[in-house]
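In the two complexes below, subunit A is the common chain; its partner is subunit B in one and subunit C in the other.
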Partner chain A sequence: MTGNPKGVETLLRVEGLVLDYPLPRQRLLAPAPRHRALDGVSLQVARGESLAVVGESGSGKSSLARAVLALEHPAAGRVELMGQDVFSLSPKALRSLRRHAQMVFQDPYGSLDPRRKVGWIVAEPLDALESGVDAAARRARIAEVLESVGLKARDAEKFPHEFSGGQRQRIAIARALITHPALIVADEPVSALDVSVQAQVLNLFMDLRERLGLGYLFISHDLAVVRHVADRVAVMRLGEIVEEGPVEQVFGEPRHPYTQKLLAAVPRIGHPRHRPETSTS
Partner chain B sequence: MSSETRVASLREFWQRGRGQANLMIGLLVTLLLVALAAVSLFWTPYPVNAIDIPAKLQPPSAAHWLGTDQFGRDVLSRIMAGARNSIAVSLVAVGIGAGIGVPLGALAAARRGWVEEVVMRFNDFTFAFPALLSAVMITALLGPGAVNSIIAIGIFNIPVFARLTRGAALSLWQRDFVLAARVAGRGRTRITLDHILPNIASLLIVQMTIQFALAILAEAGLSYLGLGTQPPDPSWGKMLNEAQTLMFLAPQLAIFPGLAIMVTVLGLNLLGDGLRDLLDPRLRRLR
Partner chain C sequence: MSLLSLQDLTVTLDTPEGPATVLDRVSFDLAPGESLGIVGESGCGKSMTALAVMGLLPAAARCRGRIDFEDQDLLTLDERALCALRGRRIAMVFQEPMTALNPVKTIGFQVAEGLRWHFGLGRGEAEARALKLLDRVGLPQPRFSPDLYPHQLSGGQRQRVVIAMALACDPALLIADEPTTALDVTSQAEILALIAEVTAGSKMALMLITHDLAVVWQNTAAMLVMYAGTVAERGATAEVFARMAHPYTRGLLAASPGALEDILPAGRRLATIPGQVPDPHDRPQGCVFAGRCPRVADDCLPCPPGERLLVPGHAVACLHPHEGETPS
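Take a look at the complex of A and B:
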């Protein structure tokens, strides 16, 4: 931990992040064209804070989530986690930093290895990031996180296919919690779930935040979900953040035309859009 | 895993496997083949290479269950000893192919970039030559014999496994559970060992049984051409070769080694299918 009190307060600081993906080469000798997924993104997440990133598909939300966890290498910009620049760290130092930031993925069917038992899956970050955990302590930690997400300790012996989508997402959350991280990056964690299950998983996120003081970088395209979980919201469009602020402010008085459009596009029950009248007389 | 849980999971494995007809038949045929080869090491009904001209070309009888060949040698004894050759050649050849091809394919998928290019271009180069023809070329170059035919067949198994492994691994590297392992701080080697290989194991096992069957056929082919096992040592392919001119006089000389090859290949394919089903935890609840 740095001695800088500001560094302690800020879990995640992203500055001017630029990320390009190479596209297929058009001609044999021409350099491969690149697609800019992130174009100068800056944001901060404080300890215990929940920042939501919203935007339509292809706006760069998931690329941001991956770059923040050093799964992608940016063309420019910095990502500081707990005050340390993740891209200038040695692999070993980065590994030890990973204990503090974990990720929950969108698809609970794809994010759990089908060939591994739940206990193994949940303990993977523990096995990789913390040395000297004996078998009994390991079992206890697995049981603890499974129970903290509303599953049973004996579920550790089962395979992922024995669980429903919502339960699988709980397993994925348990895996993210086992190293006692300060930040969880959640990439559309409820969009693959049924609406009733969505509410349960969202409540679990809120409950864990209260109990454990977690900070969230919450990626979503669902504004109702964002309203439920976030303190602040950043609106992304074409790899840029066009508006950022407290949820009430951004949703109550959207300043950027794109945010206004996004909010206007939310379907509302009981507020049917104007439809051409049909002749019933 | 403790030794107790390992024993328990082996027992569970056996109990689940017992209900599968294809696995059991495949296992039975394969074990029978191995037993036949093993027994031939110290016992055969007649000495394998003993010539008995007065008893030549006999049809199956109580004395010679599968008859005798043109030199009066006992066909059953020679099939038993031939199994030894076929198994040894195929096992080592598939071992060479999988042992080199799988790590190469996994490396290409894990490292990408120029490593992948080099591995795959080498693969394409090897693929460009027809396998059996090239095996003929290699044995012609190195000289005929069982060891050289093993090398020749083995070399052409490498790209099969490398390509299969790379293709399957590439799609797995895109999956979220691999990303999750990267977030968990796992390196490429560890991810390959813990996630990639277990998830393509069933694919590789099935391919191994297919290649094993093909290697038996290739060995038979090379021996048939006179480039594999050298006389007087028996091999199924060699026996077919020798039976060729006597097809109408003594068809059993071709039928029995042919049957041995067919049953073995069939048994191995059934075993591969059964293992694939058994190794996939997602298929468990369907049974």
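Take a look at the complex of A and C:
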């Protein structure tokens, strides 16, 4: 319903992104040392495509997610969303661009305001980013997104504490969908969930993508999860992308030694065991 | 001769909403030198089982049954006697190393603390032993000085400190409650290898609690699958994996993205277990899994299924278990 610029195939283009965080000063007058969280990262996400970024903690995955949505200001490099350079836009233009890219966070307990009703939480991006939505249309949009993630329209009247972890993550996804974005940036969206709930939420991500043609920047440390939701994988290490390619290729024939090490560390059923002796208990 | 033996342990929590049954007649034995994996989702009673053995249940908990450890019933011991056991004969590795460690004490102090408390060692001697323990868990001198504080270490290094603390008094039983859930996949592999190394070849028994079936497969000789406070399936790990009999065990395996060898073809979905774990305030009369079970029948509803032996060393609490091999 929102008029996306015509002829744009690439949703997100990141070029040579460098991001530094200042560290505490060692001495009073010394310049503060800096930690390089992103060191020349380039990537692209096309419309309807799912790109996963994997790596260990400290590899810069979450910094990348924040920089892509202009929540951090980089030292160098460009981020283009829908063909527009996000760091050169006016605050007003950036706000209108943000409707096209929304975020889902890791912790469904921390990311929902416990004192607000679900309807208010879900509608917050709409209230902040789109003006001129009347009350009836707003109610209809809330009901629409809650139903699209498998909740009920009347759940809008409840509070977050009335929901389980998996349902809370559905609420967080509904909030991301309400502005009809083209890109969802999901930072470890299932790592706080149990196995069976995790499978339900991953299936929801796959359904929404097929139904709505969403593009994903999917950030995770869990390689097994990534295998099922991504078309392409970028492996990050110390702020750099060391390997990128189609899922089958990166998982089937990893080229970089770091990717090989990551894949070898995943515990697998059927692989050699530390305690193979059997016992009867 | 078993080291730890739980017999019909039932734990009820008194809550403002009424009593909640969090463990329902849990029984198992663990012999010296053995390893037991406990697997299940949140709310299945895994951690409650560990806390019951440690005597660390919340004050509102009421217990029935027995927990025999080295010929004493732990449920009858007073706090003083439990303090003499904790850290000395039974030690625990917790999930989150940052909260398990004291942020304002050095790692050397924290590793030496148990030695000073239980053995009455002097400061010098205890700290000399702490250095050896840090070395054993892969934190060698001089890189990892005992004067470091927890915030100066990475998550995996902190978990090594917690393991050194647990090993300090050479306990008979090591309980590891989700020891790698907070860690990266590479640190996880290293920590699990370390736990396997320090327990294998000694008389130390290991109780490893995890939500990850693959971690159980790799690290323990025997396993329990818990669901809603009950034991759904138990047996030698290889046996259980070869013939998963309980529908819940199969559901867990099917829902694990890592269990599939191949990538799902486009349009396919991961298998899920519909619904949720029942509320402990409102447990169903019959089989606790019946509400989510694809094989549920009329006879599942009146009363909970007893455990029956499929082959020696493999038992399941289900009236309609799967027969034949686990599909892969």
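Here are some notes:
Assume the second predicted complex is superposed on the first by the 265 of 281 C-alpha atoms of A that agree within 3 Å, B and C clash if a C-alpha of one lies under 4 Å from a C-alpha of the other, contacts with A are read in each partner's own complex, and residues count from 1 in each chain.
Here is the rule we go by: a residue touches a chain if its C-beta (ideal position, glycine included) is under 8 Å from a C-beta of that chain, and two chains touch if they have at least 3 such contacts.
As the structure is a prediction and not an experimental result, all values here were calculated from the model.
Once the two complexes are overlaid on the shared chain, A:Met103 sits against subunit B while remaining clear of subunit C.
Of the two partner chains placed by the overlay, neither subunit B nor subunit C lies in contact with A:Arg170. Comparing subunit C and subunit B on the residues of subunit A they touch gives the larger count to C.
By the touch criterion defined above, A:Val247 reaches subunit C but does not reach subunit B.
Once chain A of one complex is fitted onto chain A of the other, the partner contacts of A:Arg232 are absent, as it touches neither subunit B nor subunit C.
In the superposition on chain A, A:Arg115 makes contact with subunit B only, not with subunit C. Within the superposed three-chain model, A:Gln200 lies in touch with subunit C and out of touch with subunit B [touch as defined at top].
Residue contacts after overlaying the shared chain place A:Leu69 against subunit B, while subunit C stays out of touching range. Residue contacts after overlaying the shared chain place A:Arg209 against neither subunit B nor subunit C.
After overlaying the two complexes on the shared chain, residue contacts for A:Leu262 are found with subunit C alone; subunit B is out of touch.
Residue ranges of subunit C in contact with subunit A, taken from their complex: 28-31, 34-36, 41-42, 155, 184-189, 192-193, 196, 200, 211-215, 217-222, 234, 236-239, 241, 251-253, 255-260, 263-264, 267, 269-273, 276, 312-313. Contact residues on subunit A toward subunit C in their complex (touch as defined above): 56-57, 164-166, 194-200, 202-203, 206-207, 210, 221-225, 227-228, 247-248, 251, 261-262, 264-281. Contacts from subunit B toward subunit A in the complex involve residues 175-177, 179-187, 190, 195, 198-199, 281-282, 284-285. Across the complex, subunit B is touched by residues 66, 69, 71, 91, 94-95, 98-99, 102-103, 105-107, 110-116, 121, 124-125, 128-129, 159, 161-162, 172, 175 of subunit A.
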